[in-house]
Structure formats: structure tokens, C-alpha cells
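Below you'll find a set of structures to go through.
What follows is a pair of complexes built around chain A, which joins chain B in one and chain C in the other.
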Partner chain A sequence: MDLIASLYTGSGYWNPLVWLIAIVVVVVIVYLIWSRGESGYKKGTLQTTPFISGNPEPEKSGVHIPGGNLYWGYTEALKGYYSRLVPLHTGRLNDYLLWYLGVTAIIMVVVVVTA
Partner chain B sequence: MIGSWELALIVLSAVIVTVYGIVVGLFLLGIDRKLAAHMQARVGPPIRQPFIDLRKLLIKENVVPDNAIAWIFNLAPVVALASSIVILLYLPIGSIYPPLGAYGDLILVMYLLTIPALCMVAGGFASGSPYASIGAQREMVTMIAYEFPLAIVVVAVAWRLAAAGIQDPFTLGSIAAHPIWSVAGPLGIVGGLLLLLVMAAVTPAELSRIPFDTQEAETELAGGLLVEYSGKNLAMFSLSQGVKTLVMAAIVVAIFIPWNISSLVLLPEGVALVADLLFFLGKVILVMFFSVSLVRVAMARFQINQVVSVFWIYLGLIGLVGLLLLMADAALPAAGVII
Partner chain C sequence: MITDAIIANSPALLVMIPLIAAFACPFIGRISPAVRNIWVVGAMVLTAAMALLLAGEVLSGGTVVYTFGASAAGMSIPPDSGGIPVRIVFTVDAMSALMQIIGGVTGLAVILYSIASDRRHTGLESYYTLYLLMIAGVMGMVSTGDLFNFFVFLEILSIASAGLIAYRIDRGVAVEAAVKYFVLSTIGAMVILVAIGIFYGEYDALNIAVIASRMQFTLLDQVALVLMIAALGMKCGAVPMHFWTPDAYSMAPSSITAMLVVASQASLYGLFRVVFTLYNVTLNAATVGWIIIVLGVLSMVVGVTMAIPQKDVKRLMAYHAISQTGYMLLGVGVGLAVLGNQSLLDAFGYVAMEGGIFHIINHAMYKGLLFLTAGAIFYRIGTRNLNRMGGLGHNMKYTMVFFVIGALAIAGIPPFNGFASKLMIYESVFMFNPILSIIAMVVSILTLASFVKVFHSIFMGPRLPEYADVKEAPAPMLIGMGILAVVVVLFGLFPGVVVDHLIEPAAQALVNQGAYISAVMGGV
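For the complex of A and B:
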């Protein structure tokens, strides 16, 4: 297999190597612009504490976003869907097997009827 | 295989497009601010203001917070800008065929659009600030929200072109050469207009502008994922914002308004190139005005859960209706039904 050829999927195509060359060139130019800027700042002063509108910094654990809250907003907007789906995940293998058999049976019926 | 000639061409194109993307991007930000100011009965800053701001940011201190993961914090703005610029290499500029058009299509562009957003997420989480963490979390959710309608637009347009027998329907060159309006019938045109509406809503979300700027939200998150950024790092994010504005407008132009002056009026070759380029910039400004400037002046910010509802439920449904109309437009005449 030619690793540096374009990949054709039948509908689309792309060449990872060309993208890589382009991004490297552009990163170098952007880095040159970035490096022209001022680098210094006053380490260890109030400047380097997080900005929390003048309030003292809370405990790290108190403001950490755990994985379960990472998608808040998404799950909140689609709670009508999640509120039905989450209780179905009982954690019991018997339930999952029943779901598997039920869905397979429905698919078989659909396939047989449409065939 | 890539020969040395192609390699030199890629490098040269990358250099030229970087300069073009940065200059035009900053001008677009200036025009956007001017237009928004006039709509609010203000004089507004001069159009060159973003250039002045950039110069100012480059001489300001580049503070790296104590809590930050310094290398990710510094790398994110550079990669965000670079990855935004690279997308431009895959998009047509006026009548100029995209420099990397033969090496990637619209599906690739869709994926590349996620890289600047992911850089902002990485930079936000690496800031070590509660505001920035919430901003990064919201940016991620917003990204998931608008990807679905964006994918519907891309697939629907390409499907209609494929149904009309056009080769390589996902190629931006093909899409620009065969505008959806000239391929589709009356039903398809209605479907295309719905998809244009969806794309106009995706544009401000992709650019983190009102009403989809929950991740920055100055009034509640004090800048969100950019809260800890200053100096040259903030300058790179601000440049990236300008380039992304050009990228999104260029995608809308390529898919929905790809016509050039040279295809309408007979002009000498050199004049045609310049006329097409100016016409392209005019279309870009028009798209930016309607989907960014006008919207951000007229609307308030959505909450993050409303953003998801808007994209997944309302715009998702509008997009699907658009897709169905395009499918009906191709299928009904084939089945002998006259529309």
C-alpha cells in the first residue's frame, strides 16, 4: 500500500501527507508571528492567580468539572430522551439479553416482511 | 506520489494563503465591528482597528497562570490559528481553484473545522481557571450540537449533485462548478433555501458569536475559555477568529453562491481574476453581515442547553426537511411525477 497516496473512499478523498506538510509550514509561520510578541510577565505575583472576579480562589476540588458534568447542556437539552434511556441501563445482564433478543426479533420481522 | 514541484507549490500556497487569511480575516473583523456599530447608531472603530489591536496584544505581557499546564496553554493558540489557515487551502477563492482541492474534499473540511475548536477546548482546560473550564465544557457541547445540522447540509447538497449525475459531488470544485440552484427543480430550491438557513445558523456557532457564544459569555463567564489568555496568545486566538470568519463565509459561498463575474461577463484573463476575487470578497462580506453582524446585534445569547435544542431539534428538523425536499426533487421527476 502506498502510504503517501491520496485515500479514495468512493465518495470522497484526502491526502494526509499533504495536509501534514501544509500544517507544518503554516505552524512555522504562525510560530514566527507568535515569537515576535512579548514573552515576559511577573511570575509569582497576583497576575498569575486565576481571575475569579476578585474573589478568593476556591478549593481545586470545589471547581473541578467531573466527567459526569462534562456534557451538561447536552444531556439537559435532551433530558426527555435521557430520562427514559438511563433507567433502562439497570446493570443486570438478564435485562440486556432480553433487550438484545427483543430488538433482534423486531429486526427479523422487519427484514422478513420487507423481503 | 508527491513530486518536488508539487511540494514547492504546496509550501508556496501555504505561505501566500497564510498572509491572505490573516489580512482578510482581520479586515472582516473590522468590517463586522463597523457594521454592528452603525446598526447600534454608533460611529464605531476604524476598519483597521483589529490590526491596531493585534499590534497592541503583541507588545502586552503574555501571562501564564500558576495553575496552567504551560505547554498546552501556549501551544493551543498557535495550532488553533494554523489549523484555521490550513482549511483555507481547501476552499476556492473567487475563480482560483483551491490549492489543495485535489488532496481533500468537503468531508475533510468538515473534520478540519473541529481542530480550532478543539484547540480552544484544550487551551481552556489547560488554563486552570473555573471560568475557562466551564467555557471549554460549553465549547465542546456547542461543537457536538452544530456538527449534526452541518453534516446534513453537506450530505444533502452532495447527494443532490450525485443524483444529477455529477462526478465527485463532495469536491468543492464540483460543488462550485455546479451550483445546487442550477441542478435542482422548484422543490429542490425550497430545500436548498432551508439548508442555507441552517448553514447561516451554524456559522455564528462555529465562530462562537452571539447568540451561540455561551463558551465566552463575557457577562457571565468573564470571557470563558479565553479568560486567562493575554498578550501574544490572545493575539493568536483573535487572528484565528478572523481567519475562521473568512473560512465559514468561504464555505457558504462555495456551496450556495459560487458564481463568478467572469462566468457572467466576458473579461480579459487578468481583469477577470481580480474582478472574481473582489466579487468573492463582496460575497464573503454579505454572508458575514447576514449570519454574524446582523444576528449578533439583533439577538441575545442562548443558554447552553438551548443551543443544543436549537441545533439538534429545530435546525436538525429543518435540515432533514431540506434533505427530504432535495430527495423528492430528484425522485419525483424520475418516477414520472411533474412538479
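For the complex of A and C:
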């Protein structure tokens, strides 16, 4: 019984086994819906070919979207934030040390003043 | 009889086994590579077994005190010493035991992985020697009850880590990353040494329990506290002192990067040990707690937002490691902020601390796993650039499954272990300050978004012609990843058991300064 003990979080609880049972129930329902679907589906025919406004389907190796193209909109929207944050990462050891010393100084002031 | 002796001396053996194995490694390596591999794996198996054995002892029987050179291991104060533990004393409480388990399990998984991942390289005697020294450094740091000893093990760990970051010396950038890490680590360690000197000058002692029992929180103590917080915060990669982390994590061999995560967590342990055990309620808990919370929030936000645009998979994961460290700082920082208020501590402080501490072990497992999967991919295709990857799910199915487990865990998706610890942090921190909790949740969403990108970039899409013949990672690498993946899944499925038996005692050990002091000084 100890193994299936819930995790109490102070204001609630979490039991992954209950969650897993719920997932299994959902999967069974999805399977039942799927099994009642169209049975005439045939792989390798026109049914599985994408329709691109009548244009021929390009080679699969030519349509892979590399990682650099993802989240362009996100970084573009936060351009102001990134234009300030990224240059701070200069790669120079002197800067790393200055940040360390600066943080030490700030914490020192805060701790000593509030003590 | 022998078993009793082993158990009685397990704190010493935990450091001695990797230390002796490390120094013997160059000689054993001259026999044959196979014998060397058996030697280092055997040493790591013994070390992990010793960590689990000692953890069992601590969790069942309370704090273990081991005094080097004493007629009885528990006799920390010699009769003629004037009440001061003059010898080196290891004090292993539940928090130390937790860290030892992390070091042992991750160390074993990584060394199995290394046997395959680095077999094509030269200089493996040095590699394994430094690796075992790293293990000895971690185990020493989390076991010792002596501040100077802590400094010594920190230095052992830093030197070994720097050597391993530069291990692939053919890449100039690896050496550059190692130099940055080494300079910062050395300066941080020297600053810690200054703080230790302050304690020694003030209290005539180096033992943590003795200093804690005499702590006055004078101006000098405040200076020493700040020096320790900043140095250990920098060593664990807290923003804005994190800059070395992406450099070092991305340039080290992937197996070593997984251990660097544990090394950073040993510094995090040091930070928590200082504020809770050394100072506890003598310090201004709200102020110092908020300092740690601010470092945590900065780490979470800056780490994840810097990760998203990265194109180097290991650099991306390194920024995520910074971000995840933020959760640990946030959880434990909230616990510290309410340390003097028992009702708030009971209402949410303990849960926040347990969440932060639980996240330490969870992070070591899933982040170690993710770095190992990144290493397996690099091993097979020779690039870390996400723009040049794609379609590897066709050929590296097991690696993909392990990656998915790690990615879902780090993003806090149920039922994996990251969800359990993050849930504890969200709910408890919400009661302290809702905005902090909301920030933590948003960071988790961004983490998921980032790993969706990585998953798509590496594994999805059609099979690319240049990777048509790529094979699955070798079996030892899969075994190494498998060990960590199993822990990630089990900790996720049975979080209540882990928290009750491992995490809660660790949190109690940190908060209960009196128990730590009396374990060493016997109520003196």
C-alpha cells in the first residue's frame, strides 16, 4: 500500500496511478471511436497523398524543417529582450568575473544593511 | 564480521574506493584496456553500493558520524581536546545520504556509458582517473562535517572537472571552456577559503557543528555568509553568475556533462548546508531567503529563454540545466524565507523545501539522461548542430524513447518525476507568493516548447540521406541511459514513497540544526 501512497503538496495531492488509470480509460475510448471509423482506407494510394493545390509532392528529404526555423515568431516578438540578453553572454572571462564580483557586492550590501 | 566492518567504515570507504581506484587506474591501464574497464566499473559499482548502504544506515538509524583516526568512529571529540572535534569528521545525515545516492547512481550510469562512448579516444587512463577523482570529490563534499575538508574536496572536484572538460584537447574551444571553468572555480574556492579563515579566526574551529553551535552572526559572519553564498551560487550556475555553465557543459564529453550536473548540485548542497546548518535562525532568514529566491527566479527565466534560440543541442540543454537549478533555489529559498516562523514552515515551507530537494535528485536523473542522449546522437552523427539533424527517430529508436522520457520529465509532464517535484514547488510557493509560482509554471511551459523543438529537430521528419546508415547507440550507452530512465519513471510513478523515505528526512535534516550539532558534539 505504501507504494501507491499519494504525494501531498500542502494544498492538494497527486497520485500518478490514478492518472495512469484515467489515461488507460481515455485510450480505450479513443480506440473504440477509431475502430468505428472508415474501413476502406488503403495505404500507398491517392488516399494517403497530401493535396498541395494540385502541385506534385516534393521529396520528403527536402521538406524537413530544421531546428533554427522553429520559434522564429517567438524570438522576433521578444527581439527587444533578446537584443539585451544575448550580448551579455560575451564569452569573455573578464566579464564572467565582473558579474560574479558585482553579485557578491550587491548581496553583501543587502545582507549587511538588513542584519 | 566483515559486513559489520564495512558498514562501520562506509563513510570513509565511500571516498577511499574511488580515490584508490583513481590513482591505480594508470597502472591497471597498462595491463589492457579491458582490465582497466573492469577496474573502473568495479570501483564505481562498489562506490554506488557503498552510497546505498550508507544511505540505508542513515535513513534507518539517524545521522552517522565518522571520525578519522579515532579509536571509535563515533568519538568525534577526543577527551583531551577541550571539547573541540580536532580530527576530520564526516557527518552523514539524510541530506548527505540523498546527495551520495545521486552521485552513486549517476556515476555508475555514466561510467557504463563512457565505456562505449569514449572507447575511440586516447588517454583513457587519465580520463578514468580524473572521473573517479570527480566522484571522490563529490562524495567528500557531501559527506564531510569539516569546512576545510569541504574546501579540499571542492578543489579536487574542480581540478578533475576542468581536466575532463578539456579532455577532447583537439578542440581548442574545449580547452578555453576548461580554463574559464578552472579560473572561476579557483577564485570561488579561494573566496570560500577566506570565509573558512574568518570562521577559524572567530570560533577556533573548522567543524561545521562546532561553528554552528557558536554562531553569533557578527559582521564578520555576515561577510563570510555572503562570500559563501556568492561562490557556491556561482559554482552551481545561478544567474547572473552562470556564464561558465553553457561553455563548460557544451564542450565537455557528454558523459562528463552528466556528471558536471551532479558536481554543480554538490555546490548547491554546500550552499544549503551553509545557510541551514551553519547559520540557521541566526541569520536574517527572510532577507537571505529572498536573495536565494531572486537568484532562483533569474536562473529559471534567463536559463529557459536563453535555451530556446540555441542551435547547439548541448548548449541548449546547458541553459535548461541553469533553469532547473532555479527551481531548486526557489523551493529551498522559500523554505529559508519562512525558517523562523513555525506555522508558515508547517503550512508550506517544508513542502517547498521538499519540492526543491526532490527536484535536485530528479534533475540529476533526467538531465543526466538528456545529456547522455545528446552524447549518443553526437557519437553517431558527429554534430551537435540542430539545423543539421533530422529523421534520426527512424534509426535510433531506443535513444529517441530515452530522450522523450527525459524531455517530458524536465518539462514537468506527468507521470514523470519532474512533474512531482514541480507540483510540490508550484503549490507551496503559490501560498508564499503566487507570482513566483506563476513564473515557475510559465518557465515549465517554455521548457516544454524548447524540447518540442529539440525533439522535432533531431528525431522527426523524413530519413535524411546523410544519416541513412546511422545505427542505434552501442549497448553500454543504452544501458547507461536505461538506468537513469528507469529511475525517472519509477520516481515519477511512486513519488509519495520517495518523498516519505528520502526527501522528507533530508529536508528535516537541513532544518533541524540542533540534531546535526548534537550528533557530532553529543549534546555538548
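Heads up, the rule we're going with is that the second predicted complex is superposed on the first by the 80 of 115 C-alpha atoms of A that agree within 3 Å, B and C clash if a C-alpha of one lies under 4 Å from a C-alpha of the other, contacts with A are read in each partner's own complex, and residues count from 1 in each chain.
Just so it is clear, a contact is a pair of C-beta atoms (placed from the backbone, for glycine too) under 8 Å apart; a residue touches a chain by one contact, two chains touch by 3 or more.
These figures come from a predicted structure and were not determined experimentally.
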*Identify the partner contact of A:W34: answer first if only chain B is touched, second if only chain C is, both if each is, neither if none is.*
first
*asked:* According to the stated criteria, A:F51 is in contact with first (chain B), second (chain C), both, or neither; which is it?
replied: first
*Touching A:V25 in the superposition: chain B (first), chain C (second), both, neither?*
first
*Of the partners chain B and chain C, which touch A:G68 in the superposed model: first, second, both, neither?*
second
*asked:* One more residue to check, A:W14. First (chain B), second (chain C), both or neither?
replied: both
*Examine A:V110 and indicate which partner it touches, taking first as chain B and second as chain C; both and neither are also allowed.*
second
*Which superposed partner A:A5 touches (first chain B, second chain C, both, neither)*: both
*Is A:L97 touching the first partner chain B, the second partner chain C, both, or neither of them?*
second
*Can you list the residues of chain A that meet both chain B and chain C?*
2, 4-6, 11-12, 14-15, 17, 19, 63-65, 70-71, 74, 78
*Note which residues of chain A are touching chain C in the complex, please.*
2-12, 14-17, 19-20, 60-61, 63-68, 70-71, 74-75, 78, 81-82, 85-86, 88-89, 91, 93, 95-97, 99-100, 103-104, 107-108, 110-112, 114-115
*asked:* So in the complex, the part of chain B that touches chain A is made up of which residues?
replied: 1-2, 7, 10-11, 13-15, 18, 57-67, 77-79, 81-83, 85-86, 89, 100, 102-108, 112, 127-131, 133-134, 137-138, 140-141, 144-145, 158, 169-171, 214, 222, 227-228, 231-233, 235-236, 239, 303-309, 312-313
*For chain A, which residues are in contact with chain B within the complex?*
2, 4-6, 11-15, 17-19, 21-23, 25-27, 29-31, 33-34, 36-42, 44, 47-53, 58, 63-65, 69-74, 76-78
*asked:* Under the definition above, what is the set of chain C residues touching chain A in their complex?
replied: 179-180, 183-184, 187-188, 191, 217, 219, 222-223, 225-227, 229-230, 233-234, 240-241, 243-244, 246-247, 284, 287-288, 291, 302, 305-306, 308-309, 311, 347-348, 351, 355, 386-391, 414-415, 419-420, 423-424, 427-428, 430-431, 449, 453-454, 456-458, 461-465, 492-497, 499-500
